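In what comes next, chain A is part of two complexes: it sits with chain B in the first one and with chain C in the second one.
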Partner chain A sequence: MKTALEILRERFGDAIRKDLKGLAKQSHILVTKNEIVEITIFLVQNLRMRFLFLSGSDTRKENGAFTLHYIFSYAQQDEFLVVETRIEEKDPSFLSLSPFLPQANWQEREIQDLLGLIPKGHPDPRRLVLHEDWPEGLFPLRKDFKFQAKIPRQKGEYAFERVEGEGIFEIPVGPVHAGIIEPGHFRFSAAGESILKLEIRHFYTHKGTEKSGEGRSPAHLLCLAERISGDNSLAHVVACAQALETLAQIDVPPRAQFLRVVFLELERLHNHMSDIAGISLDVGFSFGASQLMRVKETLLRLNEQVAGTRLLRSAVPLGGVRADISEARKQWLMEQIKKIKEDFEKTIQILWQVDSLMDRIETTGILKKEIAETLGAVGPAARASGIDRDLRRDHPYGAYKDLFFMIPVFSDGDVESRMKVKVQEIYQSFKLIYDALRAMPQGSLRGEIKPLIPSQSALGYVESPRGECFHWISTDGHGKISRWKVQSPSFANWPLIEYAVLENIVPDFPLINKSLNLSYSGNDR
Partner chain B sequence: MFRILKKNIAVGKATLPPAFVNASAPEGSLGAPEIDFLKCTGCGKCVAACPTSALTAEDREAEGKRLLHLSYGNCIFCGLCAPACPHQAISFKGKFDLAAKTKKELVRKLSFSLSGCRKDAAFVTSSALPVKKMAEEAPGFAQGDFADRIPMREIGSKLKEKIKRLFGRSLHIREVDAGSCNGCEVEIVNLSNPVYDAERFGIHFVASPRHADMLLVTGPVTRQMELALVKTYAAAPSPKLVVACGSCAVSGGIFEGNYATVGGVDRVVPVDIYIPGCPPRPEAIFQGIFLALDKFRAK
Partner chain C sequence: MNPVLLSFLQLLFLMILAPAISWFIKKMKAASQNRIGPKLAQVYADLWKLCRKDMVISETASWIFHAMPFVLFAATLAAASMVPILWNHSLFGFMGDAILFVYLLALGRFFIALAALDTGTTFGGMGSSREMTLSSIAEPALLLSFFALGFHARTLSLEGMTAHFANASSLQILFFTSLAFGSLLIVTIAESGRIPVDNPATHLELTMIHEAMILEYSGRYLALIEWGHQIKQLVFLTLLADFFFPWGIATTGGAAALGLSLVFYLAKVFGLAFVIGWIEIHSAKLRLFRAPDLLTVAFVLAILSLLGQLIIGRGV
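Right after this comes the complex of A and B.
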């Protein structure tokens, strides 16, 4: 059987300039910039690869041009293909993929804002990450931009897309919301109660995290990764650590791999508990909310006792895990998990029989499979719309390849389906924690720490509670971190909500939002 | 209906008794770093390992002194300093009761004789240490880009007694996320869960700043949230209290000095109480809120 690379070379010949050495499961090719759209179409349509994300970096010092990395998943062979292309400074533009692949929309606009490279033919070239009061011609991810720079403000106004007609009005919501949630702006165009259009305007929490990571030590980078999205701290830090471990060729000992699985699933548990509690609260059924928030509190306390912190921060350093779980602790943890499972099960069985809850969640916020597919949906949101996609199985990492678990998929795409997916995932997480604790071998907790390989790039990935989370790290000629790209599941999933709310009523928006449960900070970074 | 009742009865009372605010953290909890002054030699290894400006060292050659500062307001509780210390002088034992009315109270100072420090084999010269701003120099309220939109006459007026009288029984809080990672939000939401049950203390989270007595602000204040925070502050009726919740809100935390952040709530609006933590555990947030009302005295 021919490899993907051979097929590509046959088809495109000279456009593929060379293969670059890739680490771990990555193959890299360098292509000329004008062929990128054709190659992507071929990869997606003929080879059934999946476009994951786009990362741009300023490599003018190393090779005199900007570099774009298009990362594709080749799940059939558990491989990643990295298509690299160079953009000269004198012609800072590249062909936009968005008309063909709408999921590239935000990816390309992010590059336009942060790196100053223009996607030619992009259907919506407005600002995205940096708001209108950011001056023209300043691009934070360029190397000549100092990260401590204090930037003056300029005047500017974001132009919302307008829906016009008799009786149509706009409802602006945010950035400061009514509940205790993160900031973001939602602009509804409604006729009566029915939503005709929703436009989201985010990036209020943009903290320049990726730029902050440049030139830092791996330990510092992991601290930053933990603070990308608080409730998904561990998923981000494990993804970041995996990328660094690939870059430094560090072997993580098997015991640490299993402990990481235990922690990752504990994180999924408290996230999903809180989501289901939130759905219950948003329909006004306080029994479910208070019971599940209580269970969540039990889980957070459990986290603190096994890992030292309630949100599992500081649990995972480079090369392994910080603290061990002793034999006695292990037995105790298994008992606790069993108790929590029984507690959860009783509550959830009541929830499924409450009409006031079910009436609100059935057929609410339907996300069609075609739309989810086109926009590159990930995580529980994708799995509730019939897309069978989970990194733990498609690209197994850590100890997941040694563990057996099911991936729940439902096809209705409504709030109920998303809740069902999360409930089933909670059961799978209980099982995974139990199995991982039992199968955990003896051994050391941290591998030998080595320096990062210079002039290389590596991918780290974790199926976080919200979906696929990728960290892409490049080093410069001295083995320092020169670019850190974080593709959080929220960045992939936020555009979905604009479609999920259509033809629903405005009061159902909080419910739909909660069922997707996206992170603003993870999105804005 | 009966199943709901049955479940509620089976669970019983989940709420902690009010004394929980003073209870210690569970065993295994990391919490904030504590320096054993008897063991510390002032070598500076921890300063090199600290990813924020929580640990800083300054050499005063003329006086022959080295000053070592630990600022809880900048600390992200990451734990990197403990393994870096060659003398096991730094420990993490679940300390969290840190809320204070000024940033100065959050700083622990140590002074060493420089020649004594140099004798330690682990000594790191100040030129080899990362350049950081000493916590003591961190200003309190500083005017930001939108200072002209803040009603200034309210700042510094003697509202304390009035506040105590007005909010003694019930307190309405508007939470404002000014760019946090949502870690603080997770803990603030937990204040209202059945275990902590904030409502029993008369603490109620409201949907609008116009109903609020207190703004509980999280995050380092991003450039893009600065105006929203100022508008929210201006919309809250006087007298009002501002609590900076979490190390980002106190000092900018790990995001300090970045192009996209302002670096702490008091660079934008005046702050009454600082609660360090990353994120602060619910007990610590309660302590900060009670301290704002003079109902709680920090140890």
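Right after this comes the complex of A and C.
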């Protein structure tokens, strides 16, 4: 059987300039910039690869041009394909993928804002990450941008897309909200109570996290990764650690791999618990909300006892894990998990029987499979719309390949389906924790730390509670971190909400939003 | 005791008791959530706190915004003063009947909806439109259940109706009027802005009805609105108690009769508040477009009550 690379070479010949050496499970090719769209179409349509994300970096010092990395997943063979292309400074533009692949929309606009490379033929070239008050011609991800520089503000206004007609009005919501949540703006165009269009405007909390990671030590980078999205701290840190471990060829001992699974599933548990509680709260059924929040608190305290911190921060350093779970502790933890499971089960049985709650969540916020597929949905949101996609199975990392678990998929795409996916995932997480604790081999907790390989890039990935979380790290000639790209699940999933709310009424928006439960900070970075 | 003074005192009593009913429901909800809930003094302290706080008022607010809390409070109080509470007379009972009662409440509602539009904020208009949509069904349902009860009592005066039901033998008031009870109970839930129609505890502006209209209010004005709302809630509970559980209401101004009436009254309104709280705990909020369905049920129940009596006779 021919490899994907051979097929590509046959098909495109000269456009495939070089086959670069890639690290574990990553094939890496360099192509000319004008063929990128055709190659992508070929990869996606003929080879059934999935476009994951796009990362741009300023490599003018190393090779005199900007570099774009298009990352594809080839799930059948558990491989990733990295397509690299160079963009000269004198012609800072590239062909846009968005008309063909709408999920590239935000990706390309982010590159445009942060690197100053223009996606030609992009259907919506408005600003995204840097708002209109950011001065023209200043691109933070370029190496000549000073991170500490004081940036003057300029005047500018974002043009919302207007829906016009008799009786149609706009409802601006945010960026400051009533609850204790992060900022984000939602602009509804409504006729009466029906939503005709929703436009979201985010990135109010863009902190330049990726930029601030450049040149840092791996340990420092992990600290930063931990702070990208509060409730998904561990998923980010493990993804980042995996990228660094691949880059430094560090072997993570098997015991640490299993412990990471335990911690990751503990994180999924408390996230899903709070999501389901949120759904219950937003329909005004406070009994379910407070019972599940109580279970969540039990889980957080359990985290603190097991790993030392409630949100599992600092649990995972480079090369392994920090805290061990002793034999005696293991029994105790299994008992606790069993108790929590029973507690959860009781509450959820009650919730399924409350007709008024079911009436609110059924058929609310339907996200059609085609739309979810086109926009590159990930995580529970995708799995509730009938897309069978989970990194733990498709690209198994850590100890997941040694463990057996199911991936719940529901096809209605409404709030109920998303809730069902999360409930089933909670059961799978209980099982995974249980199995991982039992199957855990003896051994050391941390592998030997080695320096990063110079001039190389690596991908780290985790199926976080919200979905696929990727960390893409490149090193320069001295083995220092020169680019750190974070593809958080929220960045992939936020555009979905604009479609999930269509044909719904305004007062159902908070519920739909809660069922997707996306992170602002993870999105804005 | 002087009847006027007594009527006045019972109104004062209602005003003071009103926050306690809200406290009782809060306490019930807290119990269902494994929480302790607020102390009784807390609800009064909250009102007192609001009274002392500075107000933040939009620069674009017109006189309507300033007048609304007073109009709302006065209208609610005027409506309350037509309802017999501890004894079967009321302060303004001689002045008007059930129709005036409904329209006094409508006056308050009209002003609250207007004031919500006045500042031109996002959520105010949304709240007004929702409130008006729902009340266009709730109001007729309320009127019809008054008519049904009034037909039975052969009077539309709230005093007269109370006296009629207090004197009627208990079996007589059961059948058709109990349909009106269902109707009035649903209207009570809607008027006091409780689940399943509205959620008084939510922070999500997009889902609010009553709360959305008063988002711009703070300080003293907000205290007046909140208190007025609590009084309105208790007035509805009192009406339910007067018409459907008319036992023990004092017919004379004697101390013994009043004391007995007080015990009965407290048991009745807290019992009814328990029903409201129980419903609030056991159900989620309705989808906004389903709320009119519920109110239509109230409307139909009231019509059935009235028609049933017209066809079969008042005696059943």
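One rule holds in what follows: the second predicted complex is superposed on the first by the 525 of 525 C-alpha atoms of A that agree within 3 Å, B and C clash if a C-alpha of one lies under 4 Å from a C-alpha of the other, contacts with A are read in each partner's own complex, and residues count from 1 in each chain.
In the analysis below, contacts are C-beta pairs under 8 Å (C-beta built on N, C-alpha and C of every residue); 3 or more make two chains touch, one makes a residue touch a chain.
What you see is a predicted model, and the numbers here were worked out from it, not measured in a lab.
Could you tell me whether chain B and chain C fit or clash when both sit on chain A in the superposition?
Result for chain B and chain C: fit.
Just chain B (first), just chain C (second), both, or neither: which does A:R294 touch?
So A:R294 meets both chain B and chain C here.
Between chain B (first) and chain C (second), which does A:R322 come into contact with in this model arrangement: first, second, both, or neither?
Touch status of A:R322: first partner only.
One more residue to check, A:K422. First (chain B), second (chain C), both or neither?
The answer is neither, since A:K422 touches no partner chain.
See if chain A has more residues touched by chain B or by chain C, and give me that chain.
B
Given the touch rule stated above, what does A:V173 touch, chain B (first), chain C (second), both, or neither?
Touch partner of A:V173: chain C, not chain B.
Looking at the overlay, what does A:G284 touch: chain B (first), chain C (second), both, or neither?
In the superposed model, A:G284 contacts chain C only, not chain B.
Go through the superposed model and pick first if A:R466 touches only chain B, second if only chain C, both, or neither.
Touch partners of A:R466: none, neither chain B nor chain C.
After lining up the shared chain so the two structures overlap, which partner does A:H122 touch, if you call chain B first and chain C second: first, second, both or neither?
Neither partner.
Quick one: is A:P507 in contact with chain B, with chain C, with both, or with neither? Answer first, second, both or neither.
second
With both complexes placed on chain A, how many Å separate the closest C-alpha atoms of chain B and chain C?
5
Overlap of the chain B and chain C footprints on chain A, residue-wise?
178-179, 287, 290-291, 294
Which chain A residues qualify as touching chain C in the complex?
171-173, 178-179, 192-193, 280, 282-287, 289-291, 294, 354, 356-357, 359-360, 364, 505-510
Residues of chain C touching chain A in their complex?
29, 32-35, 122, 126, 129, 195-196, 199, 201-207, 281-290
Please name which positions on chain B make contact with chain A in the complex.
Against chain A, chain B makes touches at 3-4, 7-8, 10-11, 14, 25-30, 49, 51, 76-80, 92, 145, 175-190, 192-196, 205, 207-209, 219-220, 222-225, 228, 232, 253-255, 257-261, 278-279, 281.
Which bits of chain A are touching chain B when the two form their complex?
Touch list, chain A to chain B: 131, 140, 145-151, 153, 175-176, 178-183, 203-209, 211-212, 216, 219-220, 223-224, 226-231, 233, 274, 287, 290-291, 293-294, 296-297, 300-301, 304-306, 308-311, 313-314, 322, 343, 346-347, 349-350, 353, 519-521.
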